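Each in structure tokens, the structures are laid out below.
Below are two complexes that have chain A in common, paired first with chain B and then with chain C.
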Partner chain A sequence: MEELYRKIPCRESQLNDLFNLFGDYDEPLPCSLFLSGNMGTGKTLCLTSVLRYLGYKHVIIDCIECYTIKIICETILCGLNTTEIDIKCESILDFTNAINRINLNITQYQPVVLIFDRAERLRSMDQSIISAFLRLRELCNLNICTVFVTHLVYDSFYFKMGVREPIKIYFSNYNKEELFKIIFLNKESFTHHILKSHDVDYDVKIELEKPELFANFLNAFLSVFYRPCRDLIELQYMARVNFVKYCEPIIKNEIQSQDLSKLWRHISPILKTSLELLYLRLSSTQLSNPSPGKENSDNIESYNFESTLKEELTCTKTFAQSFELPYYAKFLLIAAYLASYNPPKEDKRLFMKNHGKQRKRLQQVKAKAKINEKLNTQLGPKVFTLDRLLAIFYAILEEKIGLTSNLLAQIATLVELKLIAGSKEIDLDTAKYKCIVGYDFISAVAQTVSFNVRKYLYDFM
Partner chain B sequence: MVVSGENTVSVQIKLIRKYLKLKIMEDNVTFRSNSSHHQERAHVYDLIKRSIANGESHSALMIGPRGCGKTTLVNSVLSQISKEVDVENDAIIVKLNGLIHHDDKVALKSITAQMKLENVVGDRVFGTFAENLSFLLSCLQSGADRQCRSMVFILEEFDMFCHSGRTQTLLYNLFDITHSKQAPMCVLGITNRIDVMELLEKRVKSRFSHRHIYLFPYEDLEAEARGNKPKSPLECCKQILVFLLSVPISLAGDKVDVVKKKTGRSKKKSISNEQPSELEEDLLPDEVVKRCNINMEQFKALDSDFLNDWNSHVQSLLDDERVVDSLEKMCYYTVNEQIFRNILFQIVSKLGTNKPYIDATDLVSIIDKTVTPEHRVMLLQSLSILELSLVIAMKHGMEIFDGQPMNFEMILHRYTKFANANSSTQTVPRPVILKAFEHLQALEIVLPVKSTDSIYNAADTTASRVQKEYKLYTLAVPIEDINEAVKNFKALPTEISHWYNNSVD
Partner chain C sequence: MESTISVSKGVFIFKNKFNKSKQFKKKINLFDRLFTKEPWYITYKSNWEYIETEIQKLHHRTYNVLLNDIVNYVQSFFGNYNSEMMEGIIPSATLLTGVNQPDHVSQFITLVKKIKEDVTPHVAIVNSQDSSTLKHLVENAVSQLIHGSETLEYDEDEAREVGSSQFKKIKKNQCTMKVLQKWYNITYTNASPKKKKQKYTNKLLVIIIPDFESFNCSILQDFVMIVSSYTSSLPIVFIFGVATSISALHKSFPYHVSSKLLIKVFHSHSSPVYMNQVVEDIFLTHTSPFHLSGKALELLTDVFLFYDFSVTGLIQSVKYCMMDHYYGDNVKSLCCERNRIEEVVTNLSLDDLESIRQLMSFRPFVEAQLDCQTKIGLFEDDDFFREVLIKEMHKLHDYMYTFYICVRLLLCYIKDIPKNLLGKSVREVYTKCAVESVTNTAAFKECMMMIKFQSQLKLADSIKNSLKIINSALQIVSPIKPLRSTPTKNNLNNIALNDNLGESFLRTVRVHLLLFSRQIEGANNEVTASIQESEELDNDIENVPGNRYKLKEKLLKATRTDRVQSEFEMIRDRFVSYLEAMFNKGLQPPHSQTFHEIFFFSDVGNVRKQIVGSPRGAQHTALSNPVHYLQCSCCILPSLESISDTLPDVSVAYKLHRECGKHINLYDWLQAFASVLKPDDDQRDHDSTIQVRFTRAVAELQFLGFIKSSKRKTDHVMRLTW
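Coming up: the complex of A and B.
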């Protein structure tokens, strides 16, 4: 018991609740429990370790895997008795019958717990299923308890007719100190991770294994990361990545491990940059293969990686360049973007040389300022016809080229690359298109052909 | 017998805990003598008794909100009848639950099984539902040694049998038989929908006897008829509390010490004068004991003195002002007895060697947690600062545009406006913000428009052609909850709370 509490820190009250509710082996279980709380707050961990400690018979049903009632029932029955191999179960009725048959084999009042993990998925099935599982205890003669584990609050389960209310337990988020405590528990694995990838001298190894070093790192780390991210899993992952960086100068004997301020100066820019990679999970294999032509220097410094990586992400520039589109295709794409985000009636003003002067009336200016929120770039792309696309294309292209089949094939290529969404229409007159790339992408493309997109966007006029 | 030593106390408390848990969770048979539904119970009893003993046919509907004791009432009637007449040979009781048997085919299969006619039916193929059912009934008439056995159908969640769209074949046939002389049959529907009659087909409705039995919690027809004022919900709650938490003295096995036991009883009487019915405590009904496979012998180890202490302790709980206050609070929120039982179960499960008595503060906190769970506020508070900022940005945007739905770009626009104005906020790139927004989506704090269901079963038929940045969302949490969450957010940066309060610009 002590061990369990030590292994799962900061969840004492929830563990106590669970232990109390499950009680002793020969006592009746509650009808149903409902565990909710944000992702990564230890709901499933607490539940399964309590049940394993108590030694109760339990079956865990992941509602993503078990997406129909048939699979759910068969999984439960398989989990409950290993002797019967051929289990067929089509509906809840078969299930209750089968479970009552199990009851005949069980002589005493044995507790059985069914755990529905990610129970929010149950809502997509028939309503009667979750209601039936909520009162499963009444429907069969077993000492059975159903536990629903989900990240949603109970109110998000809209029951039309009301159900038998479960007992609800809430798992609150860990705060900063608790996160520190939990990540600190795994410090061995962190240092082990470093020692595996680097071969270090003995005395450096001693230094690295000091808990103070890791504690210092963790403090610095959490001070940066706690604000945008509270997800334990993500934080643990980011800490692992960054701890390697933190220790690098120590391994290279550039900074003494006691020199905290120097280490902080070393790590803070790294943390800042890796903050921008939060949740994105760029694996290290991707790191070692930067796009060709980008890596010109031989020395692979961590700084360099960070900066290139940052570039790769923040402006989607390399992503845009990685397509290596032909010259005209780039213009076609830009034209498509402009067609999607400009109102058609403004085309004349935007793209014609002699469009006449438009008087800006005060009222108009005001109206425009007011609907700042409803900019075209914010409302999403509109559809356009092929005619309009080609008209804009010729307007923004300075040289004169003929309309060849090659050019039209380029449009098909853009659709194929999912840069433009197009209907499968063969008739070119009725085909409607839509540009589905963002502004960042387009401006990166436009830069390569030295074209100013902003100049032609109605929103920015 | 004197309770001595830690060990004995722990044994005693464990037995009490087990007994109370059994009583709270498993006992759905005992009809409380102080309950207010005596008239209704007599009615149901009369119906079932008549159809079993006299071979009459009846149909009735029991209507009442959840957790007001409909099933318990029926169970207690059945158990009483089973003691009085030979149910085994005279009647067949078929229980169907709308949650399981809402499909007619499934229901019929279950009826066959409950009538123990699987062998007779065998591989026979029937043309219609009615044919099948009448075959089953004819089996009863000819096959059994008696002339005819009565049937009692108990349909729980009756509204689930009235499926709209499909025909109500099962109900039609059941009600039809109550009018024919084929077999004596009693059909009793239990539901919590007051509009259940509107769900019935015309042909079903015309065959139903229109006998409604309404059950409302804490409503006492008898008392009203006598001109008395009905008991307040609080009084009922107190009675339930005492009833469910007290342990019958007769459970204790130490009959040797009769004198002592008697004094114990009298002592108790002095305490609980105003509840005389409470003394005739009944043990767990036999059905429950049998179903749970428990050995009642083990409770013989209980000490009567200890039980007396315990019962007076339960009584004394009601004198505690905090307990009474929170019970009253609970009565304002819910009258569902199942919820109350859940609360009591949680309290009982907290008992242990180092906590041999019920703590009033525990009771208060559990009631608070159950009736006013602030889970949504807590969920909002568990968000990271970035996610909360997005929620605030969305709230502001919806205030400006009169609750029109927003897409990610609009929210991002508002957020960046705020972030640029405050240099102290750490800026994060767009993909990270998008991820945070998707997290909000997964938690269903924001919901996509047009599909009120969750993101998982939204088949995306309407919005499939829109990129995710431009999909429209609405805020799915009430403004009050956000207010509450922001007010009590731990370590919230001041500029955010300032931004929240000085909203619209």
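Coming up: the complex of A and C.
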């Protein structure tokens, strides 16, 4: 048990709780448990290692995979009963019957634990399922316990009445010292990673394997990275990337491994640049998913990909210019943008040659001043109809072309490429669209066909 | 056209040909049966097959590198799959394909074929249409992985087939990842100890997602997560086809999903580049049996560049042009390979000969004949005509040979000239040359002017390039011929082009170019020497202070006297004038040639109508001017706007509705309708037949999508078109 505590640092209280709850072999299990905490806080790791240590029979169900109730039931039954191959189970009723039948085979008080990983997925299924699993003990004659592992708090599972409240265990985020401890645990894999990619002399190897070196690096690393990122997986990945760079001068014998200040001066600019990279990666991060127990997994993505991604994300312009679209499709896209970001009643003034003078009334001037605070371009796209799109398209296109099927097909293509969003329901009479690319993108596209977008935007009038 | 009595059928403006192309694909047997005896069909078929194989070859060449890269990448996960780095991470290749989706199909099919051959039999292609939910997606992928492989393994390995027989009958709705895992364990992990001769114990499972953008993001995310939880037991590799850019992948995958993927990006050719390649290598060569006139090519490339970027579409359009060219016309069977001309000409019937005589380009040819006897002979004596025809055909082939080479030569010289006057690719230059006699245009003259300013090095370079082109062309014609002919300086001054075109023309051009290149390389800039001398003089003057007047005078003199041309400059001038003469000869537009109609397709208007369909336009013509499709005598209108009671009801209603605004009052509309049908009947609106006819017309208009009922005003309908 000591080893368990050593292996999973900084989770003593949670491990204690789990041990107390699962207790001894012949005691009844708690009816249900509820484990919550952000991704990468060790929920599944704690749970599975405790159960493995106790030697309890347990089944892990990944709820993402279970798009039907059938899959859940069959997975559980397969996991419990390894002898039978062909198990069919369509509903909860079948399931309880089947599990009672299993009961005959195993002794009365053999503890059985069902773990529902990513339990938040259960919410989108039938309401009764999660309730049924919460009180599964009452439905069958087994010493069974259901454990829900999720990144949501209990309150966001909106249960109906009559639910038996599970016992809740919360996994808090790690703080800096804890992160240090955890990453430090894996130092062998880090040094191994370097040694694999570089061939080094024996004495340098010994230098590299010194734990002080890694500790120093980690201190430096966390001092930069701890503020923006608390995600263990991401931190581990970034640490791995940067440790290689940290060690490079030592391998090349440029800096002595004892010379801490020199090493720090060497690594701090590198850390800062990779901090930018971290932001870029995190820009697409939604902390909406726990990936418990996967702390040891690394994210390896080719450098090539990262650099191109960085390029593309930092510069919408180059991205848009590298975008290949047919000539008319570009104009259609511009027209869609104009239709989305201009108020329809201004169309006449913007796109017609002889639109007449606009009388400026005091009220209008005031209104305009008010609007200036919330420019259309900043308010997000508005919905427009197909007719309006085509009308604007013909207005901004100098040459006269017919309304051909190829042209109409292009609109569908743009929708497919997710540059324009089509309305969900298909209405033949009034198809509605929305342009979902930004101003930077459009101005870059317009530049390639030498068209001035600002001239036709109401905001810039 | 008896079948188009109903107006709604008027949409099929090109019914005959439309059916034809359709039949060609579906009922190929019927089509073959109908036309096998026709010479034009035989020629068409062989030519199209030729083009198709050429396209296949090109296809193969262009995709090969890319596909090999991908396959190697996929294969690299073969051995080291279980290394520690891969925990929970799915290796995936992302193929950036370019925006046009239809073209990708062939690309992915070849990819699948290649993977099946080289890596693993377990490949699944999952399209977005088949996977509207996660359930469908998983079932589809799994069943393809399981079943797709078994057909292959069946004849390969009977024993293993027995092992997996219990999975043979897996229904689609039973396919889950668990089943896949079990199946994989049985087929590979358990079977491998028994079968020692099996080379690889594990085979990869490849899942291809060709249209990434059209997928529902959340479904794909879930799918990736599921697969990632199985990576420890199943070696799965993803291949994504992304049309736009890699950031699309990132937009749709949040961090926790994308961190599960090991992504490597592959770029495929951009479609304009590929299109240029197809056009240049297949259609714009003398070996192509069928030629597009400048205008037709322009139309097709415009459709490509402006509308869809679809190479497949372009090829299909060319195919259509070819069908249109050949259809029902035996004369066009002359449009074949060179060595078959004699045979074809002898097979031509008298009628065919007559129709050849009626070709537009025949008249100038006859008029050019000075001898009266030959003129009469051309019309009267069929055998003589046949002989002339054969001769002319050969001449035409020679001409085309020279023409295409000259187009390439011209491009070689003007490609680096600023301002891009004649275009930068073969197809652009070709359209310019094919439309008019290019040597007479201002752009061409300007280009020649520019060449006159080019440096020695540059010029020598472009001559070398053009020589390369000629050499490669000549080698195609006569592969054994050794490159000889040491040009002597003697005939330098009497460079003249002889009359005949074709190979011999090319040979002379080659000799001349060799000469010029040697001269240009050898020529030293003598003027530079003289300049140096004068500089020395200048220095002398400058050394004497205060002698400004003398200096000024000297400079003035220098401007007045003509600059002495160096040897190089002289040669350059001569070279440019030679180029002009050469191109003038080689780049005569096709329509100046006799019988060019046989080889060059130029019916642009007709093709435009059919390739660039315009449904709204067709509908409008059908409704506003039914005569156009009905061809009846009763409906002929003095002007498009006028209405008569003889028109079909729907047409009358359509014309009336065009006069209204956004909302149309049904009663007013009925009144107007009735007054058209019965102008002098007072009780017309009570006439139930008229009411019924009106209702029907309105219903038809609604069906066609011109109006719809509005909820805001009960007795009004809304116009949907403007």
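Assume the second predicted complex is superposed on the first by the 280 of 461 C-alpha atoms of A that agree within 3 Å, B and C clash if a C-alpha of one lies under 4 Å from a C-alpha of the other, contacts with A are read in each partner's own complex, and residues count from 1 in each chain.
Just so we're on the same page, contacts are C-beta pairs under 8 Å (C-beta built on N, C-alpha and C of every residue); 3 or more make two chains touch, one makes a residue touch a chain.
Please read all numbers here as calculations on a predicted model, not as lab measurements.
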Partner with the higher number of touched chain A residues, chain C or chain B: B
Touched partner set for A:N452, first chain B, second chain C, both or neither: neither
Partner chain in contact with A:S268 - chain B first, chain C second, else both or neither: neither
Chain B versus chain C as contact partner of A:Q256, first or second or both or neither: neither
First (chain B), second (chain C), both or neither touched by A:S13: neither
Partner chain(s) touched by A:L379 [first = chain B, second = chain C, both, neither]: first
First, second, both or neither for A:R230, with chain B first and chain C second: first
Contact residues of chain A, present in both the chain B and the chain C interface: 39, 313
Residue numbers on chain C that touch chain A, as the complex places them: 84-85, 87-89, 98-101, 133-135, 138, 176-178, 211, 213-214, 222, 225-226, 229, 243-248, 250-251, 253-256, 258-265, 270-272, 303-309, 612-617, 705, 708, 720-722
Residues of chain A defined as touching chain C within the complex: 39, 62, 64-65, 67-68, 71, 74-75, 78, 189, 233-234, 237, 281-282, 284-286, 288-289, 291, 294, 296-302, 304-305, 308-309, 312-313, 319, 322-329, 387, 391, 402-407, 409-410, 413, 416-419, 428-430
Residue ranges of chain B in contact with chain A within the complex: 14, 17-18, 21-22, 25-26, 28, 66-67, 71, 97-103, 106, 109-110, 113, 159-160, 192-193, 291-294, 336, 338-339, 342, 345-346, 349-350, 352, 369-370, 373, 375-376, 378-379, 381-386, 397, 400-401, 407, 409-410, 413-414, 426, 428-432, 435-436, 439, 442-444, 453-454, 456-457, 465-467, 469-470, 490-491
Sites on chain A touched by chain B in the complex: 20-21, 23-24, 26-31, 36-39, 41, 91-93, 96-97, 107-109, 120-121, 123-124, 128, 131-132, 135, 137-139, 141, 143, 151-156, 161-168, 170, 172-173, 175-176, 224, 226-231, 275-276, 278-280, 313-314, 372-373, 375, 377-381, 421, 434, 436, 438, 440
